[in-house]
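Order of writing sets the chain letters: A, B, C and D. Residues in each chain are counted from 1.
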Amino acid sequence: MAINKVVANATEATEGIKDGMTLMLGGFGLCGIPENCISEMVKMNVKGLTCISNNAGVDDFGLGLLLQKKQIKKMISSYVGENDEFERQMLSGELEVDLIPQGSLAERCRAGGAGIPAFFTPAGYGTEVAEGKEVRDFNGKPHILESALTADFAIVKAWKGDTAGNLVFKAAARNFNPMMAMAGKITIAEVEELVPEGDLDPNFIHTPGIFVQRIFQGVDYEKRIEQRTVRQKG
Amino acid sequence: MAINKVVANATEATEGIKDGMTLMLGGFGLCGIPENCISEMVKMNVKGLTCISNNAGVDDFGLGLLLQKKQIKKMISSYVGENDEFERQMLSGELEVDLIPQGSLAERCRAGGAGIPAFFTPAGYGTEVAEGKEVRDFNGKPHILESALTADFAIVKAWKGDTAGNLVFKAAARNFNPMMAMAGKITIAEVEELVPEGDLDPNFIHTPGIFVQRIFQGVDYEKRIEQRTVRQKG
Amino acid sequence: MLDKTGIAKRIAQELQDGWYVNLGIGIPTLVANYVPDNITVEFQSENGILGMGPFPYDGEEDADLINAGKQTVTLQPGASVFDSATSFAMIRGNHVQLTVLGAMEVAQNGDIANWKIPGKMVKGMGGAMDLVASAENIIVAMMHTNKKGESKLLPSCSLPLTGVKCVTRIITNLAALEIKDGAFHLLERAPGVSVEEIKAATAGKLVVEGDIPEMIID
Amino acid sequence: MLDKTGIAKRIAQELQDGWYVNLGIGIPTLVANYVPDNITVEFQSENGILGMGPFPYDGEEDADLINAGKQTVTLQPGASVFDSATSFAMIRGNHVQLTVLGAMEVAQNGDIANWKIPGKMVKGMGGAMDLVASAENIIVAMMHTNKKGESKLLPSCSLPLTGVKCVTRIITNLAALEIKDGAFHLLERAPGVSVEEIKAATAGKLVVEGDIPEMIID
């Protein structure tokens, strides 16, 4: 039998998340975000959070819900448009914001999970992002040294998961979830469908269970679409 | 339609591999090695190769075939046991050998493919491996700076592949193949089964086609087992 | 003068068979609609898609399948999906042959600014800094001037930079230009636009050599 | 005195419920056979397997499913397979709770040598350097002395190192020992082995405090 990671629900899953902690939250825009855990944290009213997440949700969904209640002290993201309350809090200085190139954000999370404390990347050289960072040339091109990111809790959303914590994501809802799952001291996975161990093909697992400490089947997924763009048939 | 990467066979696939080039070859032991391309290179009698591969095959199979014909000038590997001719050439100085911790080898290939020129790792600190390398403390622990590896050609073996170059590996035959596929200036994939584009589920592709320049369906796979270990029923 | 569709059509002429291409938000997204029939390219979206197809038919949208602009999209046969680290490995590792993106300002040395107006607007750089720092082939798609009529092709950028010395080509509503040797080199005029108009709208150093042909847009 | 099976059984007593464990080639591999019934552990093999099971039944071997020792193995329910970079991300990132491996020499400060005898044997370090540099919990499984009868527990290693100050525990045919404060601390005697015999076989600094119990091996 594999190690069992199942907890009952979002309440059990988020146990131990405390004021002032650093969290990673998977998702790109509103795609692949841990809706159940975000709602739970709104209820818990945990405050002073540092949230590492590619985006900050929209005003009334995703991380926007935590922003509305001023539960977030600092955001570490790559893109924070589409959120008026965010912009207000940031420009007024209520909210600290650390903006990071998207690829560096992804790689820094992976590095945190993979025991790589720092790496060189060309992204951001010559920009604000490089301020205070070591610069070194490789192959005649300047690179900056970026450090690993880790979190007290990483909270990810998967399509399917098994009792052993193995995860499978769907389409573009994968995004930052796998790297963040690696980088949490405790990683919580909420899944649309929780299956018994052995049901997922070992060859096609995106996140091995070793990276997940708690897993539960979420409820009532809204999966809101930010930009519904379609073409007409015919 | 996706970009078509299909070539007819190993002869077409290995076109352009020349004396003195650096090659990456996937596989762990004899598991997941590009048998067809290795045979082809024996025929081509290309010489003075630098081969980056976790292991060096056995005397009469895998990279051992190239070693027998003294086509390899230098091996970059993590483990080279189980090969008498290798040991003879190495101890006599005919063959240059650069031994690298297995995790650093995997990460250095990935880094080469991912545009990360260098990264810090704790592996090898305080050992021969660290000689001449920069040492820096992170979180109170010494790490060494390792650089990216790339190759003129990366040659990988997959289970299934499609005409767009997308690859799927089977079980432990995956090993170094995905990272090496990323790190080749030209990446050749030989597959057991070549299928039309659209046949592989986009959600379960291990190596996206962007990393593969040439693909063909191999023939006559021997898939030799190095250590046949079994238990008896009942 | 070109409209947004015209700019996209002109950029599509730059595509080459077998290229992987990353299209930014806005005008660049439109380029996908005008790929010449005789070539094959695949579109990469940095949120984790290769082989991105057109918008879905009405009623077939999937919340789990969006592009980097958060628009619902589809997958082409031969597509693959992957995580953000793998996506930027493709970009940083130079596996994507062309990046097309918008800009607020471009300097004559190839610097680009497109992510921040201090004290006013900070949406973030998203994947743009990785894209411009890595790609060998970067086309900027933008209007030649801003809403106030001021040139966006400058001696040097006034806004915080996204990347340095990286832009190789610019397609605007007025012209196609190449950046080299610290100057904007005029390649083509948009239909009905004179060299004088382009000169007037370009604040940075503009090199005009020989006869400048007019673009041919279908 | 313990045989190889006995060493493996004694090491199995160190396993804790919920641990992910990497077992090296040789004696460590045997540990998998003696996991206590009341706990669940999963075995990681650095070539890309989590949830590795026992050897396959005769005739069911799969050339594509081997462990790091190149032996044919099976997968347990809940297993996963992955590439080598991901495998070492698990190891380097400290997601594996215990590493068990063999050694040629161990020093009283925790240094270990197990990959090279200069001028004579160079098989390579394989994954050992990554494992010992990363794991917080490293048990060495080995004979107390080499074939010539010389101690393998030394004041300092004479062979090229695999890792520095990393070994926390040693289980040999003669004893169970802990390494701390620059010395080997004797925890248990193997069945029928006296403290004097252990002292005689240990070249490095050995600390013997109080009564040393004999191991209980099923």
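Keep this in mind: a contact is a pair of C-beta atoms (placed from the backbone, for glycine too) under 8 Å apart; a residue touches a chain by one contact, two chains touch by 3 or more.
All values reported here derive from a predicted model rather than from experimental measurement.
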Shared interface partners, meaning chains that touch subunit A and subunit B: C, D
Chain whose average C-alpha position is farthest from subunit C's own: D
Centre-to-centre distance between subunit D and subunit A (centres being mean Cα positions), rounded to whole Å: 36
Centroid spacing, where centroids are CA-atom means, of subunit B and subunit D in whole angstrom: 28
Two or more partner chains touched - positions in subunit A: 107, 110, 114-116, 121-122, 169-171, 202-203
In subunit C, residues with contacts to at least two other chains: 75, 81-82, 85, 88, 91-92, 134
Chain-level touch network, classified as line, ring, star, complete or other: other
Interchain contacts, given as pairs of chains that touch: A-B, A-C, A-D, B-C, B-D
Subunit B-touching residues of subunit C, taken from the complex the two chains share: 18, 20, 40-42, 44, 50-51, 75-82, 85-86, 88-96, 134
Contact set on subunit B toward subunit A in their complex: 107, 111, 114-122, 136, 138-139, 143, 147, 168-171, 202-204
Touch list for subunit A against partner subunit C, complex: 28-32, 54, 77-82, 87, 90-91, 97, 99, 101-107, 109-110, 121-129, 159, 169-179, 206, 223-233
Footprint of subunit A on subunit C - complex, ascending: 45-49, 54-73, 75, 81-85, 87-88, 91-92, 111, 116, 119, 121-130, 133-134, 160-164
Residue ranges of subunit A in contact with subunit D within the complex: 1-4, 110, 112-116, 162-164, 166, 182, 197-198, 202-203, 205, 208-211
